[in-house]
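Please go over the structures that come below.
Here come two complexes built around subunit A, the first alongside subunit B, the second alongside subunit C.
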Partner chain A sequence: MTWQRFALPTAALVLLFAAWEALFRASGFNLELFPPPSRIVATIFRLLEPTEARPVPILLIHIGVSVGRLLAAMLIALVVGVGIGLLMGMNRYVYAAFQPLVNALIPIPAYAYIPILLLWAGRGDLSIVIVTAISACLPLIYNTTAGVRGVERGQIRALRTFGASRIDVMRLVLLPATLTSIVAGLRLAFGQAWRTLVGAEFIATPKAGLGYMIFNARNLLQVEVMFVGLFALGVFGFLFIYVLVGRLEDRTVVRWGMLSRQ
Partner chain B sequence: MTPKIRIANLRKTFTDPEGGAEVEAIREVMFDIEPGRFVILFGPSGCGKSTLLNIIAGFEAPSAGEVLLEGKPITGPGPERGFVFQEFVMYPWRTVLGNVAIGLDVQKKLDKPARDARARELVKLVGLAGFEDRYTHVLSGGMKQRVAIARALATDPEILLMDEPFGALDAQTRRSLQDDLLRIWQQMSKTIVFVTHSVQEAVLLGDRVISLSPRPSTINGVFDIDLKRPRDTTSRDFAEIERKLMALLAGTGGQRATLVHD
Partner chain C sequence: MPRSSAPKHSDDLPAESGKKAGKKDTAERLAPYVVFAALLAAWEAASRGGLVSPLILPPPSLVLETCLLGLVGKAGLAYHIGMHAMHSLVLLFAGFIAGSVLGIVGGIALGLSPTLYRAINPLLGFLMPIPAIAWAPVAMIWIGLGWPAVLAIVTYACVAEMIFNITAGIRAVPQRMVWQVQTFGADRAFIIWRVILPAAFPYIFSGLKLGLAASWRALIGAEMFAGVARGLGVMLFQAQDFYATDVVFSALLIIAVVSLALEQIGFAAIEKRTLERWGLARTAEV
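Here is the complex of A and B:
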């Protein structure tokens, strides 16, 4: 089924780009404002060229800054989200107290916190990373909680017969048993975080990042650069969600038979 | 000789979480278990024999009465009581060796080489040599139960509590595990408390069969079986004891009696 997994999506993409190219060129639109893919690809190469003043190509700088912020936010979200999720999953009183709050927070788009953060922490990496971490935290809390609550009673009881402490139970059973849910949460969290990051970079950064690149290109009327930004967001989002998380899944829960790849 | 386990005037009632009604599971049970014996708790499905075993394990507390382990009240699970569950309790993120060693990892009494050696010894004892590095999702039900037995024995408990451990296995696999369990029991001189609703299994394995009535449980018969081991399931004496147990089941509305000659 390799052709289905690789050839088919590639063909669809090529076809889509070809249609876009043909349509825009035939339309008589101003191609500066309505760029076909060929011009966007040319712009990618232009932005990937090092210059005298800038030895590292500008596109790579923007990508690097955004990816760096994303990873920092994900790391924070992972520790905080899994920690809170474990607490909520292990103790029914904590669960009863906080589950409604978590449910109320989930639908709030994290962008909505940006104005507050701008006042509290100002423009810059701190505000961006915080808001991105908030957005990534919630799916991790939710999934970890659900995962812990779904752990087989026998797995905990069997461990307790050996004289296991609560810490032992958490370390040897709850965390690994919850990994399927945590990894699924990680997938959602990466998506949320990437989206939130771009929104935050529109307004909360003074100088760099893919969101900044796109937003700033508007002032200069560089539509091609905006599209380059969109392409980069798509490519890296895909890499994080499907390649990175998928790899993690393959090496852990799929290998252990806790999740099947269909 | 002090009994290994003494159950005196034991009662257990559950409170229905919905209506708050009291459900009486065990009405009045008392018996002693001598060290080194293979004791069967026998009775129809739903008669409270598993609840009784869970109380001995320390997973549940009695509503009234005493459960003593060498004269001391049982307040929770402990390393002198190993447990094998009816459902195959596995830690799928660990290999066969890792599953068997998980109790050793909790107790941390052995260094890594000794821990590995001990786990290997147990894997071999239950007939799984060569499967040490496999993950458990590739194992059959019978093999999983072998892992569970090895895991319970790895920390060298004095007592092995088994809750219908072979109930979910096909007849042939069940027979082979029964034989291996008897071999291990004779070799290691453990006290075994074994729950089953199979007449044949009870007579094949037990030194003593304690028969429980349907809910609310009381003891409606105790049989000391002095048939020579290995027991011949087709002998007249064997059939005679089976018939007595069957009569108990039938007399108490035990319509789910198992008269299958595996």
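Here is the complex of A and C:
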């Protein structure tokens, strides 16, 4: 029954929040440090309220800054990642030369690049966007390369025989055929970027962003603000990683019949 | 919504231009070494020749020297890479083991009970996109600064990454396998231990792999600001503060080596002994 599909998770959620609320209130802990859900919800509304000094609510500013950085980084990663991936997939010498390097870079935690970027570019948007772009780039390179190398060579030869240029081949065969794996890479890339962005914002931001909001709340011992930040990270992470990429899938590879939804 | 990981071995990709896989010409075989050597040489030359300041980009030879000295503790106590690496690895494996146990138990429970799955899955789906490291400030207040908070984050990162894979694996076991043994009178314990878990093993295995990677990522991130005294992340970050760029790069080198080792060596042997022997995964053709 359909109502059960919603009733069960809702009941679980209500139970969880009730237990959390009751436990924290009964514990006698400092509620500033151990906030029950009611305080967190109140904080969400407080942070969404415009004030005299700040006509745009503070929470929206932090969200806007983080989302802006994420999109900037993803744009760079998409261009660079797909570009390098196409090069590596189309030329076996480039592939042979750089594939070991890419494989070696993939497992390195992107957080480890933050100190180097701090040395090179200092604290600020530039460092954050670059490190986020690096982390998002690698799955895109990997998946694009794999996608291109998976294309049937006969298709390319057939097109070339009929006089298509390399650009035509790229546009008419490689990109559509590779799109399934690029979109899959995009999902991984968004996940990576989101993680890296938060870490970078903890360390390298001078004044705004969700990561900054959470980290700064630690200095002020405002745990409820941290939870608001975590909540926003969940919502927007979900929007980007699942909703946006899912839409993209529906519009392209699902519509073209290359991927089916169960 | 399990997060699929891209296939990690390019060997099973179709071969290019009709060539057989593994048959590379000389240029292809040499290309990675030539490119690597050229990159290193250019970097060394740029740094030594004064094109870029060694404070920005230290020459690779210096990085390697610092790295080797640091590994045996000759680069000063603060930059004793060997010691920092040991501390990191201890935290990593403690968190990974705790996280795997929790992840496997939780994943099995969620996979076996449809009610539990329906109740909790949406909540997990919401928690998934929140990066594990984002919880670090909360852990730092609730648990306190220092290694216990980092351990908690490493453990959580592992659980969060594993639980989806294992749940998905158990739910993917074909129902007719269960029906089959039920026909022969198998009880619940037999079904779980002898049918479902072995059938879900490849998922559990890949969950462990992903969990270890997630733990490692979270560890390096959390170490940088969670107030632990020792660890690769701490060293990396402190060296940056003191503009000891060669130390930053040597820490990065060690992190890269450990990352590769965790991915390549750790699980390859187990994979050979189990998945490949049982015929659950193809042996990669070289």
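The rule is simple: the second predicted complex is superposed on the first by the 236 of 262 C-alpha atoms of A that agree within 3 Å, B and C clash if a C-alpha of one lies under 4 Å from a C-alpha of the other, contacts with A are read in each partner's own complex, and residues count from 1 in each chain.
Simple rule for what comes next: a residue touches a chain if its C-beta (ideal position, glycine included) is under 8 Å from a C-beta of that chain, and two chains touch if they have at least 3 such contacts.
Note that the coordinates shown come from a computational prediction; the quantities given were computed from them, not determined experimentally.
Just subunit B (first), just subunit C (second), both, or neither: which does A:Val80 touch?
In the superposed model, A:Val80 contacts neither subunit B nor subunit C.
Have a look and say if subunit B or subunit C is in touch with more residues of subunit A.
C
Can A:Ile61 be said to touch subunit B (first), subunit C (second), both, or neither?
neither
Of the partners subunit B and subunit C, which touch A:Val173 in the superposed model: first, second, both, neither?
Only subunit B is touched by A:Val173; subunit C is not.
Let me test your reading of the model: by the given contact rule, A:Leu248 touches which partner, first (subunit B), second (subunit C), both or neither?
Neither subunit B nor subunit C is touched by A:Leu248.
Tell me which partner A:Ile44 touches in the superposition: subunit B (first), subunit C (second), both or neither.
In the superposed model, A:Ile44 contacts neither subunit B nor subunit C.
In the complex of these two chains, what residues of subunit B are touching subunit A?
Result: residues 57, 59, 76-79, 81-83, 85, 87, 89, 91-93, 102-103, 105-107, 135-138, 148, 151-152, 155, 157 of subunit B touch subunit A.
Can you list the subunit A residues touching subunit B in their complex?
152, 154-155, 157-164, 168, 172-173, 176-177, 179, 252-253, 255-258
Over in the complex, which subunit A residues touch subunit C? Could you list them?
4-5, 8-9, 11-13, 16, 33-34, 92-93, 96-101, 103-105, 107-116, 118-120, 139, 142-143, 145-146, 149-150, 153, 181, 184-185, 187-188, 191, 194-195, 198-199, 202-203, 211, 214-215, 217-218, 221, 223, 226-227, 229-230, 233-234, 236-238, 240-242
List the residues on subunit C that touch subunit A in their complex, please.
1, 3-8, 10, 13-14, 16-18, 24, 27-29, 31-32, 34-36, 55-56, 115, 118-123, 125-138, 140-142, 213, 216-217, 219-221, 224-225, 233, 236-237, 239-240, 243, 245, 248-249, 251-252, 255-256, 259-260, 262-263
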